[in-house]
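A quick write-up on the structure given underneath.
So that you can tell them apart, the chains are marked A, B, C and D in the order they are listed, and the count of residues begins at 1 in each.
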């Protein structure tokens, strides 16, 4: 009998679901149990995603009628607002849950409702949900039953600024995060936003001043600083499939120089296997397909401002990879197990 | 005998040169005289740029030995450092010059040398060179003999911030310009920077804290405010051919709201035919191939900051189109003559 | 009072409609009358297509209730199956019609029904519809009241092979046309086929063995040869916005060599202003945004086969530009009037 | 002491070299020994390819002075014409060699010189070199000391046609292979061919009638048919990083239908783990980053022709992956060992 972790993917028609399968199918300690899709329950997973032919050919099931008793962990790759129903339904079972939606990332149902314009049906969940960013919350994740996997923009943004906030050397009103994401962040569902000729050879900002990920960034940075934080966050849509590059600007308090800044970052991310503090600006392809976050902290002595560049693959470190990283911690595995993908470049 | 303006293009092997030809060949008041290229003087222009076959098939010449006596205007599409030689050489002739290089954009040879790391051989030129941004300097351009055509990033950046500086409602230390450009800004010369697989599906920042266009922006905004200005300017390389999108952040002094901000921009650009102040975020393709600068000023009441999005085609409004606009002013033509290209979308 | 041709665009929400507007708005002999859109009749044209702000801001109307009495020409940019309704409705009026759909391109309603899997409601139309390819049917187009504008693939394919068929030097069973098109050929409507991440960094064949454009090519080539023709036609989807490149393979009868082949093509397209017979392989950008078809006929003496490369912009020569070319002929204007766009490269 | 295979990569500055490292670094039975680069021998591998930071940081060495005595296998990722020098130099040592250049793929030095326009300095090598296509030559590869790894286009082309030739159901004069490749096939060296704006939004054919891979295809298909074969092969350059799609056309002898054709392909590739015979047209992303070749054989009953679509990742199945596959066979490992990468889509 297998000692492998039985893991199921709830919601596999989208990019996050298929990326989970890409990682889990090759994870040495995992056996994929169920994969669900409400709209394609009559098909095999590889009918939907032909790249998996010969690897993951399991029959898709409906989540509604799924028996999860024998599973060890569930990855919920569902839209926000839908995920909470299933979290609630499975809350009292022994199965652990990593929820990749935005439903349990914030601190309260009230904040959720304000930013997501939606009522929350499971306030209880906020009490024990752990924000699944291993670089900040290792111990809590190890003990968690419900992990709220971070958003893609927040992952790139928070990691790029966490050292400054944790060390309290930042003027918190000064933060501007100008972030750029590939289109897979907008999902697999067709819409004018992701119509080829609207994205290709094009570039634009969106959600200016009001994107939901703003509050997620503010809450996490606020926890580090132990006071409320407000940031300026502007997302943009890049004509690429994968990747987020965040350019963060911060005024710092006290003396600073390039060496000091770099050391501060290196010390903070010491022993964090998926953050690479670098001496030059990262590009998206330096991390594509991998669970890395590459960070370059730059001190502009002319203007007296820190500029921090961070790059992730939004589907890996910004979603499925980080979720599997959390699973590794929850099941006492080596942090990097099953996550040793070398970035695909070119 | 033709009454058309005789215009020559000096340096036609690159993108700026070919874009000048694209515009001038269809300009109703212009007759293209000479086109030069040092490295291809044995070919026809359309051998170099096959898209022009049947339109512009003239024999290329060497600039060194060119007789420009009979020309009315010369467009210099040469690298910086090279352009100054020709400007000096032709300075005392009656021919007017629009220089598209960076050689005469700044206020003095000293500033030039500091930012371009290069000596200047024609200090005299700075005295009569006019910065060729028609929205700011119409009257001077009309009388100019030597126009220094603005850089591409400065065009998008200055236009996006000029109203705030001209009206003196800005906290000048707060300016952050996060700019993104297509690769034609890096020119036609092959290099790892513009190797397909280094750009495609990729994105990165470069020249962080030290890009030459910074000082050009600072000088022009400083003139509007009548005091020295320092801005944070970060360029990024987009995987697209054409276009610059600048996302500018500014703290303002005094009361502000969305309506007031929009009105301020609309008033400033009133009667400026190539700036379109909009009510939503522009994308690169909204202006591609045209001489427009589309601007969306947004007031974030939550953070108390103005965010201004501006989009141009770097080869048109950011180079050849703006140069022809200057020519129209210098020769007393209608501002929009020969520049009525509708953006090519998709 | 204006002597300009009053032209209306019926169906302006798509790419063909907006490309017609891009061309007609700058056509010196045309005044745009009505522009219709059933789904957006409450908006201005530039609300739908913001690149037109300041150029074409007319209120959209509904085609159903349109009064076309005072118009000289109507461009129908409607889906096939819809277009025939309007052609029938306006058939007896004095207004001329250029139909850009596939409804009247074939020789009979029976052939139409076989390939389009749809009944035809206006068989009468086939009697007087003229196939609008000016290089083959100039005289008929000049006298036409109803022009069926060619499909995009057929334009590139037929032009690349017409000289061989007209001169009857081809083995007609040998024709293989391997064609590649940008995604605008699939239209503006969102679908998985044109979802960014399904197209970007990707490439595939589709419609293998059964694409509707096959019969259009076969009928036109058959007319030239005066016998029935069967061709192998395989379309592919390129990750670019615009452009079709057709690689056509043909065995020829009789002696052939490179010079003879080139001369045959040059003679056939002599005085055809929009076909450029070249001595090297064309690329999509050599014609992008223009009404050109660039053709390179190559004789492979090793295999004894002719390989012909042809490139067009599918939205211009493959749609709107060819339609305006037809209009120029129908109204006795210079063929190139309003169509002098130089290809936009890069 | 490790029982792992000691493998070195000779020539690691290019795409093939880095792709070998990507695969070998995660291969459970391999230990990377040396990595060489003549132009960067002073750097670490990850300085050159930053995506490898933390994975492969070994110091680069010069191949000229390399001691290969203790190595088990060498992967030569060198340009053709250079590779033969090293193959000759190391020919008498016990180390096995997989040569990824074109130097030993053909049947004789004479054929090589004719197609590569270059003398061959090591004719001896042709006697024992084995063409490293595991689907055709498993037994020979298992015993080989020198494997000539197939070219990228030949891999896609030969696999798509091998069943028809092996079963002798093809009219061999009828073969047309219209192939399209991503730009990494043109290598990492900068040139106008791979300059971003020359490739992006563009598409063209090249090497028409004379590409070197033609003879490689002809020789291998000829061996299957046991007679000389001539094919028409036309490569095209796609604006994507990775992937080859070959569209092959063949007239067949005897009766054929869709079912029979599919069965013929399925039987031929039975037990071949990296060929997936499919029921629909493959796209590049279905195989990207993986060692798969996806093939769709289609019977066009209207024209009586077989059309075969095949897709590979040119850097994996078309280069580094196939090389490692050969290594697995040469060292008696499971064929798929270290090659279980699931295609990265999107």
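The rule is simple: contacts are C-beta pairs under 8 Å (C-beta built on N, C-alpha and C of every residue); 3 or more make two chains touch, one makes a residue touch a chain.
In this text, all values refer to a predicted model and were calculated from it rather than measured experimentally.
> Which chain is most remote from chain A in terms of Cα centres?
Checked the centroid distances; the maximum from chain A is C.
> More C-beta contacts across C-D or across B-D?
If we tally the C-beta pairs in contact for C-D and B-D, the bigger total goes to C-D.
> Can you compute the centre-to-centre distance for chain B and chain D, using the mean CA position of each chain? Integer Å is fine.
Each chain's C-alpha centroid was found; their separation is 46 Å.
> In whole angstrom, what separates the CA-based centres of chain A and chain D?
That pair's centroid distance is 36 Å.
> Centre to centre, by mean C-alpha position, how many angstrom separate chain C and chain D?
Distance between chain centres, rounded to whole Å: 40 Å.
> For chain C, give me the residues that contact two or more of the other chains.
15, 184, 197-198, 200-201, 239-242, 282, 285, 288, 346
> Of all residues in chain C, which touch chain D in the complex?
Those in contact with chain D are residues 176, 178, 180, 197-198, 200-206, 208-209, 230-232, 234, 236, 238-243, 245, 247, 249, 281-285, 288, 298, 300, 302-303, 305, 307, 309, 346.
> Could you list, by residue number, the parts of chain D that touch chain A in their complex?
It is residues 15, 18, 21-22, 25-26, 49-56, 184, 200-201, 241-242, 276, 278, 280, 282, 285-290, 294, 340, 342-346 of chain D that touch chain A.
> Can you list the chain B residues touching chain D in their complex?
15, 183-184, 188, 190-192, 194-201, 239-241
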